[in-house]
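Quick one: structure below, then a few questions.
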Amino acid sequence: MNKQENIKAIEISKTLKGRSLWVDARRRLFLNKAAVISLFTLIIISIVSVFGPFFLQYNFSDTDWGSIYQPPSFETGHYLGTDGNGRDLLVRILHGGRLSLSIGLIATFVSVFIGVLYGTIAGFFGGKLDIFMMRIVEILYAMPYLIFVIILMVVFGRNIYFLFIAIGAVEWLTMARIVRGQTISLKEKEFIETSKALGQSNTLIIVKHIIPNLAGPIIVYITLMVPSVIILESFLSFLGLGVQEPLTSWGVLISEGSREMETAWWLLIFPGSFMVITLASLNFIGDGLRDAIDPKEY
Amino acid sequence: MKDKSEEILSVDNLKLYYPESAGLFKSSNTIKAVDDVSFKLINGETLGIVGESGSGKSSICRLILSLVVKTSGKISWFGNDLDGYTKKEMKDFRKKVQIIFQDPYGSLDPRMTIGSIIKEPLDIFNGQLSKQEKEEKIFQLMNDVGLSNDLFNRYPHELSGGQCQRVGIARALINEPSVLICDEPVSALDLSIQAQILDLLNDLKSKYNLTLIFVSHDLSVIKAICDKVLVLKHGIIIENRNTDDLFNNPKDDYTKKLISSVPSPIPLAK
Amino acid sequence: MQSIQKNIKNSDLLLEVNNLNVFFDTADGKIQAVKDVNLFINKGECLGIVGESGSGKTQTFFSITGLLSSNGYCNGSAIFKDFDLISASEDKKREYLGKSIGFIFQDPMTSLTPHMKIGEQLSEIATFHDNLSKSEALKRALNVLDIVKLPKSRNLINSYPHELSGGMKQRIMIAISLMCSPELIIADEPTTALDVTTQSEILNIFNDLQKGMGISIVLISHNIGVIAETSDRVMVMKGGKVVEKGSTFDVLTSPKDEYTKHLLSCIPPWLEG
């Protein structure tokens, strides 16, 4: 074979694509009906939350004193009724959804970032550094997180961005522990030893070999962390530490609704349903991902 | 041409001890994984290390590559003590001494394609090469170890055990090392694949002027490929001789027992 | 030839497998792991099964003993002393498994329950199948330990699996299978995870069981040396099919099938001398 032909053969063979573990995982995920329906539901809820308010005739902070505590009705355009200030519930739920979902995502992102970095370093280098870093995590674990969040809120003021950071700063501890454990078992693997024997730098071993192989458990954990962050925000809002009026979140709406549920059931039922559906979807997706990424049967 | 009897690597009084975790109130014992091991590796030879599980044969490989920290002893590369090496010299040493492991799947990163796995050592040592030069080299190596080109973009889980072991060999050889340490390279493979990999190692040995350290628990494999053999038991070398000598008239009782324990594939007439 | 042999020694026949097929449902569709396998085992005989990974040698016996994973199923028949193991209900099968048929796995490290003492693990099966009291079962356990050449000591009975070496654990596994005086022991790569010196000791035990106690043994192995030393008859499998069977001596010294010839040619040559 002359050189030209050889290069041509090589070019052809380079176009043949392999089937990566991700492609396999995606195929298995799409075979899981519950996960697919959940994914679909979640996408719809997100799109409606983000774009829905633009198509509704009411604004989330508009008060309509003529229609206080109005039950759901199609004639008035208050499809899900109104609250005690005559504000349209549907538009408030969608606005709350924006906030709850973005807190869920951003706080999770913050905690994953800190947790993965911290966990891989502690797990990979081991020894005294590991002991030191994990003791810090344990001390932080021992602190009641509510007090921690309250202190943050008091010091920095009730700013919505600090709410993101405060929740993220609490949630990263678990992430760091999980990542550390996985890193320790990964670094015993022979392909990591081979890389070390090759003289690969520690930073590149972590970036090229450890983190990509951690991606599976991390993604699964993210889907389980987002709901817990949404619940945490609801809880803080319930205590009055969360977002402030007229801004709202699902947690705030539920806490308000629960006070009025005897007179205006819709104020609790509708925000509650949105939240339950979202959380259930996230959990089903998490389960589906776990089965897809880490299959035991095959 | 290098002097045939040139000594590449020498190991003197190498020891690896570690404390046994014996529980809270028990006194801890010392486990001697490698105990006072000395040997020399001569250019171009294949040195076999044979022993049963727990004999310390894998520990010796990891000690040579500084993957574990030795308790005491000296490892010299062309007469220079590795302890005195600077970071840069150590990197050069790592380029020259490569390893392949037992588990063909475990030694390849499951998230990387075959091409990028073989490329990794080039990125570390030959960063100045262009993308095309690197690819040429990768395909050259894949060819040498008997992997077809269309595996370039495949992932380890799509390959058979024997193919994965070939990928490991290609990765080890891409920077043209002088020593290849093979830690039980065929133990996890089927018999017919074993024979192919052993043949391949023999071919590559002459093609790349390699010196091999070949670790195995399987005496038949050792006999088939090695010039000299170290017999290890509980971290101690009990025999260090030419392969033919060792198998024809084993001196030590343990060696005799090892050799007589290998089941013969020739059945007795019944 | 097989059927003639069968008729002559009909009273000796212990297990007869006919037209066995094993399938697995996978994401890539239905896969047939075992294709139309026929075999028989006489009383007191050792049958060796040779094949490389994926040859279906393990799945053949997993299906007979009901150990297939949940996505696998099989058809055909496996008559063990007038009783069809394949069509039988789970409960009925359980009367035979562990009692008349023992199974020994490759990895002795994971075959024993880590939190139970050796004595308990040995006696458990006898209290279950033979309704023995705990003390009777322990007495029997001590006798069985003697057969597998382990010390009949209280110390061993009271130790946990992690305190034993690989070879000792595999002996315990053999001992467990002997607790209810089985007629057939199926050993799936019983020595693959062990050192050569331990391997030869374990093979000696199998020889004693077969020659001394008249227990039939199925020895599944990829190691032709192991098969040659222990089995009377051998069956070579490839890709789920039986490619050659016959007496061990005939098959290994004058193989007929190309694949058997190829397998034998892969053995490093020195051992033949």
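A, B and C are the chain letters, set down in written order, and residue numbers restart from 1 in every chain.
In this section, a residue touches a chain if its C-beta (ideal position, glycine included) is under 8 Å from a C-beta of that chain, and two chains touch if they have at least 3 such contacts.
Just so you know, these numbers come straight off a predicted model, no measurement behind them.
When every chain is reduced to the mean of its C-alpha atoms, the one closest to the centre of the whole protein set is B. A count of C-beta contacts for the chain pairs B-C and A-C puts B-C on top. One finds 45 Å separating the Cα centroids of chain A and chain B. Centre to centre, using the average C-alpha position, chain B and chain C are separated by 34 Å.
Taking each chain's centre as the mean of its C-alpha atoms, chain A lies 51 Å from chain C.
Of all residues in chain B, only 62, 65, 67, 90-91, 94-95, 97-99, 101-103, 106-115, 120-121, 124-125, 135, 139, 148-150, 152-155, 157-158, 168, 171 touch chain A in the complex they form. Those residues of chain B that touch chain C in the complex are listed here as 52-53, 161, 190-195, 217-221, 223-224, 247, 257-258, 260-270.
Those residues of chain A that touch chain C in the complex are listed here as 27-28, 31, 297-298. Chain C makes touch with chain B in their complex at residues 52-53, 166, 195-200, 203, 222-226, 228-229, 232, 247-249, 252-253, 262-272. Here chain C touches chain A in the complex through residues 26-27, 69-71, going by the rule given at the top.
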